[in-house]
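Right after this note come the structures.
Next, two complexes with subunit A in common: one pairs it with subunit B, the other with subunit C.
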Partner chain A sequence: MKHYLGYYLSNMRIAILGQIQYRAQNYFYMVGTILEPTVYLVVWSTIANSQGGSVGGYTTGALAAYYIVWTLVRQMNVVFTPYGWEGRIQRGQLSGELLRPVHPIHSDISYFAGWKFVQIFLWLPLGAVLALIFKPVLHPTWFQVVAFFFAIWGAFLVRTMLYASLGMISFWTTRVGAIFELVFALELILGGRLVPMTLMPDWVQHVAAVFPFQWTFYFPINTLVGNPGVSEILSGLGMQVLWIAIGIVFVNIIWHFGIRRFSSVGN
Partner chain B sequence: MPEPVINVKDISKHYKVPVREAGLKAAARSLFKRTYNIVKAVDQISFTIEPGEVVGFLGPNGAGKTTTLKMLSGLLFPTAGAPDVLGFQPSRRQPDFLRQITLVMGNRSQMAWDLPALDSFELQRAIYGVPRPDFEKTRDEFIELLEVKELVKKPVRNLSLGERMKMEIIGALLHRPKVLFLDEPTIGLDVTMQRRIRQFIAEYNQKYGATVLLTSHYMADVEALCKRVIVIHNGKLLFDGDLSVMKDRFSAFKTIGVTLANGFSMFSQYGEVLNQEAGHVTLRIPREKTPEVTARILAEQQVDDLTVEDPPIEDIIEKVFNLKSAEGDVK
Partner chain C sequence: MRTIKLAWNYLRIGIANELQYRVNFFIQLLQSFIALATGLISLWLVFSHTTQLGGWNQPELLAVMGVFIMMGGVIQSAIQPNMQRLMDEIQDGTLDYALTKPVDGQVLISIREFRFWQTTDIVVGMVVLVVAVLQMQMSIGIWQALAFAVALLLGGVMIYAFWLMLTTTAFWLIRIWELVNLFQGLYAAGRWPVTIYPAWLRLGLTFLVPVAFAVTVPAQALTNRLTPVTLVEAFGLAVLLLALSRFIWRLGVHGYSGASA
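And then the complex of A and B:
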């Protein structure tokens, strides 16, 4: 355990040092991720204003809070993508990681966890500008703030496991981009990424309940900007733990069979 | 007699590769009926390596050298056979096994590109859980041996190919592995850099008693480091033994170079004249006649200098490939 802690801290440090070198790229990437919810925010604010100031119980101030916190959660949700897995499997880049006495998933988690510190630092001024423009309304309790902290890390781990499992399909097939895009579309609709889940039809919410997506977007955002009770928050955190556990099982099973097919081409 | 560090018995690695003719018709047909070829990258090879040995693993491109190294380091699952390295089955990739080996590939980088190598070394320490005092002692020792005290502070992207290779080797050995798999460690490097890396590998082998399995297309690497060589071609093992034995067995000729004291003389009576210019003659003599011909030249000519050499190792290895492939003789 001490060994893993040391490794995580070292790799997080490498990520911070490395990503500081790419601060301009990080900033442009972040601006790109902020444009998406800004469009949603403008559209929904317009609808809310046309309906007397609110839509589905969300006022314009609450919508602003939802989508601005969305931008923060999005930074936390950046994980090693399935495309990254595809590249490292198809082009043999996985070889270097296989030689280490640590599973590659630890490298991904620790590196991206370290990167978060750079992302959040760069996000702060952008978040402030968005707040000045759109004037979000949120009144979280201290419990909500603490729960939000755990929820965004939970979201990061749920998404890491989900996309690692997905990316490892590349052990069997050469091109899996189409499958990835399908999952990204599902995440958009069923995760609270497009609109808050409560604005979705009931049947969509029922479908979403059997997928992990809402625990990566809607749940952490709602934990901070909504009015969830203590039990709702705790059961949500519990659901994140459950999905992380499911993800770990999936990653291990897929890895166990997939790694036998790894041909280590070119490296 | 110590137990072999590496024990390989009849391991194979076969790949199923889809094949089709060129053109639209063949592409359409392959949608319904795919044809596969079985490529035998490695085919039932066996050998053992004792602790502390440095063995050259030779063969042309595509012979199966790298595939074998990958199976021995746990990157690839063998199609058949189960190699044993340090008492472990490599494909299980147990942490205790991975902590005792390293695989250095000349075309692969483990260094963080934008950071000084010192930062990557620190990460290696954490990955392998090396105690800090041991790590610092080893790191400083390697930095001094490879003379890179200033280079380790520069971002890796600003280093030359040879300098980067030095960093790769330091990073790969910081956990002091007992078994080194080196795949073309000097590829693309200039002669000076090649020599420095060879010396470093030799010093590491002597100091830590490490076992080394080395592939290289630079025969200078092999001659400087390896007493024993294993030759592989088309996935099959062609020769396993001392380099000197291979030279004796597969080089039918020796080269005699003579520098004459009195200029020009007829030398075709002694053997095939390969080159003759400005008082220097190069002859090719059947190996068994070399002592006799040398004695005759010294007795009959006014000689300033005379050298007897084996043909270049590249020529000998090519001969092994040609002879053994023609015979279909596989050890």
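And then the complex of A and C:
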């Protein structure tokens, strides 16, 4: 355990020192991720305005709060992409990583966890500008703020496990683009990434309940900007833990069978 | 003339290359349909809460989406692959091979790649457009069709010039693959007519990034919202961006020293 802790802390430090050098590049990426919700925000604010200031219970201020917190949650949600697994397996880079005494997923989790500190630091001015432009309205309690802190790390781990499992499909086939795109589309619609889940029809919300997606976007955002009760928040955090556990089981099973099929040499 | 012949040959090579991988066509088709379904769901969601968005009704927004998908297909098949290859070559120092050829460097780097299967999106976009026009229940006159075609062409030229300027920054910034994400984020804003955005964003999407001219303006031509002045402006901006991208490209090549590839 102590061995892993040291590994994680070192790798996180490496990520921070490495990524802080690429500030311009980090910003390019970040502006891309911030434009996406800005578009949604404008569309839904337009609708809210044409209907006397609110849509589905969301005022323009609440919509602004939702999508601005979205941009923060999105930074936390950036994980090792399934396309990265595809490349790693196709081009054989995995061979080198197999020689290390720890499972490669530990290096992904720790590197991206360290990178978060750089991302959040760089996000702060952008978040401030967005807040000045769109004037969000939110009144979180201290409990909500604390719960939000745990929820965004939970979201990070849920998404990490999900996309690691997905990426490892590349052990069996390298034509994975369409599968990835399908999952991204499901995340967009069933995760609260496109609109808050409560704006969706009831049946969509029922479908979303059996997928992990809403625990990576809607739940953490709503924890901070909505009015969830204490029990709702605690059960949500519990659902995140459950999905992380399911994810770990999946990653282990897929890895166990997939790695036997991997036969590459070189770096 | 020679340039056209050269472009034609590269196009043929590109198509021949892709025809070797036929299953990729079906995968691309599947991806196009996933993207189409996502777009339609967004549209349906919007219109389940309202009847019009910033003065555009449902079939009109469907037309915007059709142009968006079509132009996306052009970008993905003909523009972006060339730019990504240029990015890699600048970083690796292998651009020397292109620059030493006896044709204009800018022409060569702009025509080398063509992803044939990505043209699926052009077809899908056209189908969406036809459905939208049928739903609008109006006849399209010859002048309207012509204005639409011209607007589309000018939009494509502007997107090319803009992408080239972005890519040319690699001569100074070196690692710029994040730009692909940035460009896609910017382009995604074109899914909706730019007239709904607040002024600062609308101006940015019109003059800094020509998404407005690439998607909204052709859609305006089709829905009777276009004034001749806009078309003249589009022409002016296209010429300006093309000249500017040429200038920046020359500047970049001038400072490029290769990496002894």
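Throughout what follows, the second predicted complex is superposed on the first by the 265 of 267 C-alpha atoms of A that agree within 3 Å, B and C clash if a C-alpha of one lies under 4 Å from a C-alpha of the other, contacts with A are read in each partner's own complex, and residues count from 1 in each chain.
Following the convention adopted for this analysis, a residue touches a chain if its C-beta (ideal position, glycine included) is under 8 Å from a C-beta of that chain, and two chains touch if they have at least 3 such contacts.
A quick note: this is a predicted structure, and the numbers were derived from the prediction, not measured.
In the superposition on chain A, A:Q51 contacts subunit C only, with no contact to subunit B. For subunit A, the partner touching the most residues, choosing from subunit B and subunit C, is C. By the touch criterion stated above, A:P125 is placed in contact with neither subunit B nor subunit C.
When the shared chain is aligned, subunit C comes close enough to touch A:P201, but subunit B does not.
When the two structures are aligned on the shared chain, A:G177 is found in touch with subunit C, with no touch to subunit B. By the document's definition of touching, of the two partners only subunit C reaches A:T38; subunit B does not.
When both complexes are overlaid on chain A, the residue A:F28 reaches subunit C alone and has no touch with subunit B. In the superposition on chain A, A:G6 makes contact with subunit B only, not with subunit C.
Contact with subunit B, but none with subunit C, is seen for A:V102 once the two complexes are overlaid on the shared chain.
Comparing which residues of subunit A touch subunit B with which touch subunit C, the overlap comprises 22. Every residue of subunit A that touches subunit C in the complex is listed here, in rising order: 22, 24-26, 28-29, 31-36, 38-39, 42-43, 46-47, 50-51, 55-56, 133, 175, 177-178, 181-182, 185, 188-189, 194-195, 199-201.
Across the interface of their complex, subunit A is touched by residues 15, 70, 73-77, 93, 95-96, 98-99, 101-103, 105, 107-108, 110, 112, 114-115, 119-120, 122-123, 125-129 of subunit B. Interface of subunit A with subunit B (complex): residues 3, 6-7, 9-11, 13-14, 17-18, 21-22, 95-96, 98-102, 259-260, 262-264, 267. Of all residues in subunit C, those touching subunit A in their complex are 23-24, 27, 30-31, 34-35, 37-38, 41-42, 45-46, 48-50, 52-54, 173, 175-176, 178-179, 181-186, 188-189, 191-192, 196-198, 200-201.
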